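In the two assemblies presented below, chain A is common to both, partnered first by chain B and then by chain C.
Up next, the complex of A and B:
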């Protein structure tokens, strides 16, 4: 690819070879050497239908087997958008669960579908039609499912934004123990089964109940359960559309959508007792995401955003089991084996190529891939090598500061050095100092009484200096990571945000302020203490 | 002089949105001097079927990167891509793998 003298303007390397007059029947499958090839994966590897199926199914199981993160009997939530990758993922899980005992997947799946129609330009009728279509497919799959509309973000509790720390789990020994324990348990159940019918069902019910009880103690605010199938209230649809239309760029809208969607999935997973969530990101999508996130200033979080597992939330771990498949493989598999999927317009449907960073990066990568067939795999392999920085402070029990929106550990440069981050802080300082504040905060005065935020009484005991009180936006921004801060430049108003985000922001700034107050005291005390030894020293 | 060919053209994965939401099109390509290949078919599609934003479907003389082409349910890369000569009753499928179709 990078050899001297290579003509980059000309045809790609694959085409430099003398082209054979290819007819399907003249080539054979590279695996079984017999079958009629139906597709080429990677450069030049032709597969027949049967070999492709075996290859595809194996890859899914290998991905789960290699990583050893999904424990037997664990509840796993499959995030389904209706699109090809996540549909294929559900199909693979179903296939894995229906296998004979030795090779069977042993986790307990459930499906979540989030209806984002309101922000993707669908009318209520179209949305209802899509949901009906989704349900038809879901009923054939026979996993428990949750259909949630994006409007539900307005009912989320603030607990969504609070990470639940949990000790590291998933070491090889623990995994093996868990598998052995599960197999033993199953054998015992099988022995008991003839005597007492339905014993298994009773047990699992009890487990679920217990998990739910645990949850309710962890999550006192989380009483408002996400309503299942009911249609969203029109007022909330309007509120959601107000929020998205206030955002100035498609890039920021896309990021906001991803953030809200992630919160909603997390909440449903917690309330319903799921400890793992499987996302359908494909290799192609992840390569694009990696480059996009770099451009968005999320370089510090690439390992979480694109890796196989994402443990930023602590108790619920996000997994990406489809990350080894290219979109081409997925599209072919779905077509050949009749995997049902539903096309729904996305937020950027029919948008021009340069409408957002996401869109631009997608065409950039795909065009490069058309010329250099190893582009995507090279970028993707890079994402595999990224290592997560250890979470400092977790060991000591103190929670690390997290970004309010993306919930990653804050990448704050406290020294304010000559970095992009420092530049941003300076910019904000300049705005603060300017006589006419340009920030359209919209809610001067008491920030916690902003209309529509529905705060508990008593929250207005705001004793902070007036300059701080007047700038809920400034303190909101301070709770974000670099990328989310940049993004907020295109979000002029805070008011349309769902209440749980605003409330949590309020709490955090209140807490930070109290902490500062306390620390001022501590500092004085320690100063006094520091003086004592000096005072006493002459006596010795 | 090549005889007219009748082929089924199908769009999926959101590509159908550029064709008034219609997925399957049974079309008859008129007889012409040179034989019909995918290259010519794309030009014909652009002129006769495509309803909006041609740049989201065709770029240069090929399809936009990210759109897969299946000829009789097999990868077009196995069949010479743009140079594949259409036979009567062939089925050509275009699947968009692009975000949002």
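Up next, the complex of A and C:
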């Protein structure tokens, strides 16, 4: 890694480079002191191939061991994009599962690949070719896999947008109990094995499956087939492309893609009984993501968006086990140990640098890293000091409402507060001729369609004056967090959104409207008693 | 291109003079100025920044931000009866060819608006150190010219506090705008300064431990609008960059912010929103501030940063208090020996801070 842009502790690359040629020949691996070094990680740390592998593998296991979130026997979905980082992650899992029993990883993996070709400029032929390439690799891995096209978002149920709450539990104890229980179970199986024959492993797998199914509550709609291997219907591809081309900026398009992708992964995980999802974000990627999200107004959610674990959905927890690796380490490992990866164009491939916040921030960080080699590690270390807690002084009521799209707790200040949000509201008001009455935060507009009916395009248009035509949009926007609201400014129409989002939005505004209607008749009792008899389940 | 009519409260009577950078709305000159002032007023009122009867020290540099701030505060005070007692406090850092011209602008403003002006000079406060001399000393360490702004920023805050105390102020206001805040958030992340991240994001500090409360009424105003406002009000301000600024790290971040703003006009306020909402681990939060053992100013360590920097300068090691170099500082026990060294080595500079 003797290249510009690596994480040197002390002297800059200029001071290092002249030393390398003449020192390199006699230098030994700094770990085992005998092997021939093949690469340099950080300042002068030369590693031989074996020691580098040990170092790399240890990092992965240490990350999982330190956090103790993956329980033995748990089903874990590995999100694979085909890129180097997530490919390396899958290889690490495979490596961990093939170890001798004491050091074996004990979870049950599966792989998901989301085919986003439709919005990344791939033709159907190219997409088919990519999928074939993916399958070739997947078949060598022998984990169960799910290839899902992004078009499937049009078949998602509204349950995707409803977090499933899980009671707080003491992680430390449950983890130990789970491990002990698992080991005991395995020992019992081994004792019984000679008596009953070979069918044991299957049985235990089924038991685990059964338990997990009890854990994850599912919408009945959720059972519908998602993981179809065949190419999506052309009509849905067109709908998806209409949706993305209606979005005015690449920044908002990228955010929309991330949102839909997250929903899709979550749904597949729930339907297939996975309780953890592993994402392949590297340290480099996370540092860029952190700065990007900061600029997108997601300051409140940085700990969820970039931390090791993300529990915003409740029942399915997202993990980022690759967060300790720099992209360069990953690239070297993949190259040395022949980890295959597939190149697929992303949504911003070939876009100019100034096209989006994401691209700008990425090139800024990478350029700064070349000049100041500790940039990425500094940002990364700062991110570890962020916590998943609202700042003191947040209104308690607002804490329960979740953003419709990103499912984080709403971070909306009141319109008359001395905050960036308040200031923008005022600015917009000044724009209007006669300041129209603004709905207070969280107060819903009247929903236009009756409850339970599917939103029909045009059902509440044309018959009303123009100010009322905006209502579904206004109540949609009120269900969003600050950042998603900013994104929505670049999305002029709601109609192209997948039905599950529109239906859930309508359901929420209906619920909020009903609540407002009956508010005056309710006694000011404790919230529990006041809400439950009327059927306002604390969904969010 | 035909000029659109104003879409502001005047109802299209006048042709529009500008598009507001963030909303894109076309407004005429007077509607824009009214809206701008109303927004600053709203920040003052909703944030409860300046109570009636407050004696306000306006940090005046002669630049666009502080000029607009003083002008708007004066206008709002007269129109809405805020009962503010405004004072201009300017700091003379001693930067040849830059600060003299800026101070001349401040003097002209003070004369025109009939506001009392107090100038505090680094040379008087910090035992003879001017920024030019600090820069010369800092430049002796190779490749470290960047440190200039580090010195100047710390010392200026200290000097402003001192100037405000002198005029008997109860509040300090500074002209920091939304762009400054956004840059600061980005910089604090890039430098890994979690202490500042935990502290930042509010409209100022409430004033604790003897320090005056500070606030930034222009925190939500974008830099572009401030320039536009100054332009329409025909304000006389000084608009040159400091001679030492091009070397500052802030420059990188400023360029980034400009590019981000081109991609998404609301990005500056989005960053401010992020800063308001950051949640840091309790361990990352700085300890409650105490007082500097040497000058008594508010400090999170035993020696405040201004004293620490001056200490380094006086001992010929200007980098002493920057970054991780605090170890060599005689923070606790060595205080005695430091003072004695100072009195023998630097004749006029010893204990300058204690003087006030």
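By definition in this document, the second predicted complex is superposed on the first by the 410 of 540 C-alpha atoms of A that agree within 3 Å, B and C clash if a C-alpha of one lies under 4 Å from a C-alpha of the other, contacts with A are read in each partner's own complex, and residues count from 1 in each chain.
Just so it is clear, a residue touches a chain if its C-beta (ideal position, glycine included) is under 8 Å from a C-beta of that chain, and two chains touch if they have at least 3 such contacts.
These numbers come from a predicted model, not from an experiment.
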| item | value |
| --- | --- |
| Clash or fit (per the criteria above) of chain B with chain C on chain A | fit |
| Touched partner set for A:336, first chain B, second chain C, both or neither | first |
| Chain B versus chain C as contact partner of A:272, first or second or both or neither | neither |
| Touched partner set for A:354, first chain B, second chain C, both or neither | second |
| Which of chain B and chain C A:37 touches, first, second, both or neither | first |
| First, second, both or neither for A:27, with chain B first and chain C second | first |
| Chain touching more of chain A, residue-wise (chain B, chain C) | C |
| Chain B versus chain C as contact partner of A:149, first or second or both or neither | neither |
| A:505 touches, of chain B and chain C: first, second, both or neither? | neither |
| First, second, both or neither for A:369, with chain B first and chain C second | first |
| Touched partner set for A:88, first chain B, second chain C, both or neither | neither |
| Angle at the Cα centre of chain A, taken between the Cα centres of chain B and chain C once the superposition is applied, in steps of 10 degrees | 80 |
| Minimal inter-chain CA distance - chain C and chain B, angstrom | 16 |
| Doubly contacted residues of chain A, that is, touched by chain B and again by chain C | none |
| Touching residues (chain side chain B, partner chain A) in the complex | 12-14, 16-18, 52-53, 55-56, 64-66, 68, 70, 73-75, 77-80, 93, 95, 97-101 |
| Chain A-touching residues of chain C, taken from the complex the two chains share | 7-9, 11, 20, 22-23, 25, 27, 35, 38-39, 42-43, 46-49, 178, 185-186, 189-194, 197, 203, 220, 252, 256, 259-260, 262-264, 266-267, 269-284 |
| List of chain A residues in touch with chain B within their complex | 19, 21-24, 27, 37-40, 46, 84, 284-285, 288, 327-328, 330-332, 335-336, 343, 345-353, 358-359, 362-363, 366-367, 369-370 |
| Residues on chain A engaged by chain C in the complex (per definition of touch) | 249, 251, 290-291, 293-300, 302-303, 354-357, 360-361, 364, 368, 375, 378-379, 381-382, 385-391, 411, 413, 416-424, 426-428, 430-431, 433, 482-483, 486, 489 |
